[in-house]
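Across the two complexes that follow, subunit A remains constant while its partner is subunit B and subsequently subunit C.
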Partner chain A sequence: MEKVVFFKKLLAELELEESEIDESSPLHITSLQTLTLMSFLDEHFGIRVKVKDLIGIESVRKLMELIGKDKID
Partner chain B sequence: MIPFSLIDKTILITGASSGIGASCSQICSESGANLILMGRNQNNLLQTLKQLKPGNHSVISFDLLNIEGIEKELEEPLSRYGKIHGLIHCAGIDITRPLNALRKSDYQVVFDTNVISGFEIARILSKKQYSATNGSSYIFISSVMGIVGESAKTAYSASKGALLAGCRSMALELAAKKIRVNCISPAIIQTELVEKLFSELPEGAVDIIKSKHPLGFGTPQDIANACIFLLSDEAKWITGSNLVIDGGYSCQ
Partner chain C sequence: MGSYIHSIEYYLPTSTLSNAKLSQEFPEWEADKIEEKIGIRSRHITSRNETALDLAFNAANKLLEGFDKKLVDFVILCTQSPDYFLPTGACILQDRLGLRKDIGAFDFNLGCSGYIYGLAFAKGLINSHIASNVLLIMAETYSKHIHPSDKSNRSIFGDGAAATLISFSSIENIHKFELGTDGSGKDNLIVKRGGMRNIEFSNQDLPENYLFMNGPEIFNFTLDIVPDLVQKVLLKNNESLDSIDFCIFHQANKFMLEYLRKKMKVDPAKFYLNMLETGNTVSATIPIALKDCLETGLVKTGYKVLLVGFGVGYSWGATIILI
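So, the complex of A and B:
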């Protein structure tokens, strides 16, 4: 997925307050947003993670690392 | 007289391959029932079978999502038993997903498994050729989520609420055939699956969930005990009801 598309989709799916995000943006999400993120990762990247795996993912960059650099260009 | 005897009764149990359904199977067999165990995982079904008291038991490995195929699948085993005295529809799946992440396919699979397959089996069992003249009892395992809400449970709660609503109408319709129809609504029951789910949660989360259960979490036996009561003749005047077994969860 293209980086800009990824940022847009993430913003929309998680309904983040920011109007724009990039790699350097912080990611502080509620437990409900965590569940949304789990579905987002499954639906768009085929990645199945547990709630535990998302603890410590506190920036968009860390999330992108979790997804894998090869999957977002 | 043994209380809650199921001697000479044949009971069909879906979801018998695991958790609450496996426990119901064991306790029903201890009460003297002959059982038809349904589930998908053949090995687990055989595992449940091994734990039963000897009786005229059988196993049907079948995916309930294949709703159109249920009647054909049941034809031969049901005619072998003749009359069926009870059903426990315990098969069920849970989807914990916020509304914005739910898709039509999620609702479909939850409703097909939790509700429609069970109602289809009830339709088949209530046919004259299978329904016992001295009365039958159908139990649908709903959930407290069918009566109270929780974030990210829209699909699951809707399906469990549908069981409660459908059960009342079914109870009225089938009363003339002496078929009683009831639901059981558990809160969290500590099954292997729940244990696994808990192990994936962040520290502290389980304690928060537990604090909402004044009597702590339940065990599969807590539900199975209620099932043998509702299946037995001692419950002959109970129909269209919902037995909430939740350690106090929904009183709050």
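So, the complex of A and C:
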């Protein structure tokens, strides 16, 4: 997935308040957003994560590292 | 020779808990967002002295208004909120409902898969000539298992009961079953207090000893299990999603069901999703949904309906019924 598309989809799916995001944007995942993020990762990247995998994911960059750099251009 | 669903009735407690009320208790919990996410606006909650057995009695009584109770020859109660460890709730119901004494009665402890297992029991009893009219009752009061500070689970679960009469038929209307179990998931949906394993917990008011649900892990479990379960039950019955007229899954929550539906590419027009005013009533969601679908005409005579239950245990099951 292209980076720009990824940022847009993440922004929309998690209903983030920012108007735009990039790698450096902070990410504070609420309990309501956890399932959304899990389904987002499953649907778009075929990645099944556990809650413990999301601990420490406090920025978009960290999330991109979790997904794998090869999956986002 | 076979069996069919003769009738269904359900009963919900009169008291309700709305999202607005939850938002008053937990100001950070926005009512609109809860409804949008989980598809629940309100849920029915039992009063202090009202139990699952009371709900079961009311649902069964409603059903027996339209059926000669002398013909009921088996009672099965599914609950995880029993009135007592012993005696068996179904035995008490036999007496309260004024049913014959020469009938069988037992309880079984399952959650969201319970209705599928109950249908399997009933079909087995009928096809083996043990019974001809099985009264299957699902009754649940998870609200009594949830700590008052647990806003997430209070948002999801509602109390309720549904009674189904499964009767002898010249043809089989309850088709083949696919069932499954994986007890390794036990810790992801559990009530640790109240049983014998941690007997000291019953005297402690700690939230962690009440109902605990690891929502994300349950979500992963359903994604792992449900699509495969559906494929297997369709194959076993020589059906396909196209040949099925309507699908009723356990009404867990809107987010999970919508995601499963999209993942399995089920036509939204034949996929039931409605827990807006009831919440997740655990084993009662499928019969409540089926009754509502029959009343509103979403499900009609002659329809092949796919029923799918999954949850605590882990336990899961599916079957196809002909209406």
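Everything below uses one rule, namely that the second predicted complex is superposed on the first by the 73 of 73 C-alpha atoms of A that agree within 3 Å, B and C clash if a C-alpha of one lies under 4 Å from a C-alpha of the other, contacts with A are read in each partner's own complex, and residues count from 1 in each chain.
Please note the rule applied: contacts are C-beta pairs under 8 Å (C-beta built on N, C-alpha and C of every residue); 3 or more make two chains touch, one makes a residue touch a chain.
Quick caveat, the model's predicted, so the values are computed rather than measured.
When both complexes are overlaid on chain A, the residue A:V51 reaches subunit B and subunit C alike.
Contacts of A:S39 after superposition: both subunit B and subunit C are touched.
Annotation: subunit A residues 32, 35-36, 39, 43, 50-51 touch subunit B in one complex and subunit C in the other. Listed in rising order, the residues of subunit B touching subunit A in the complex are 96-98, 100-101, 151-152, 200-202, 205.
Within the complex formed with subunit A, the subunit C residues making contact are 33, 37, 152, 214-217, 219-220, 223-224, 255-256, 259, 262-263. Contacts from subunit A toward subunit C in the complex involve residues 31-32, 34-36, 38-39, 42-43, 48, 50-51.
For subunit A in complex with subunit B, the touching residues are 13, 15, 32-33, 35-36, 39-40, 43, 50-52, 55.
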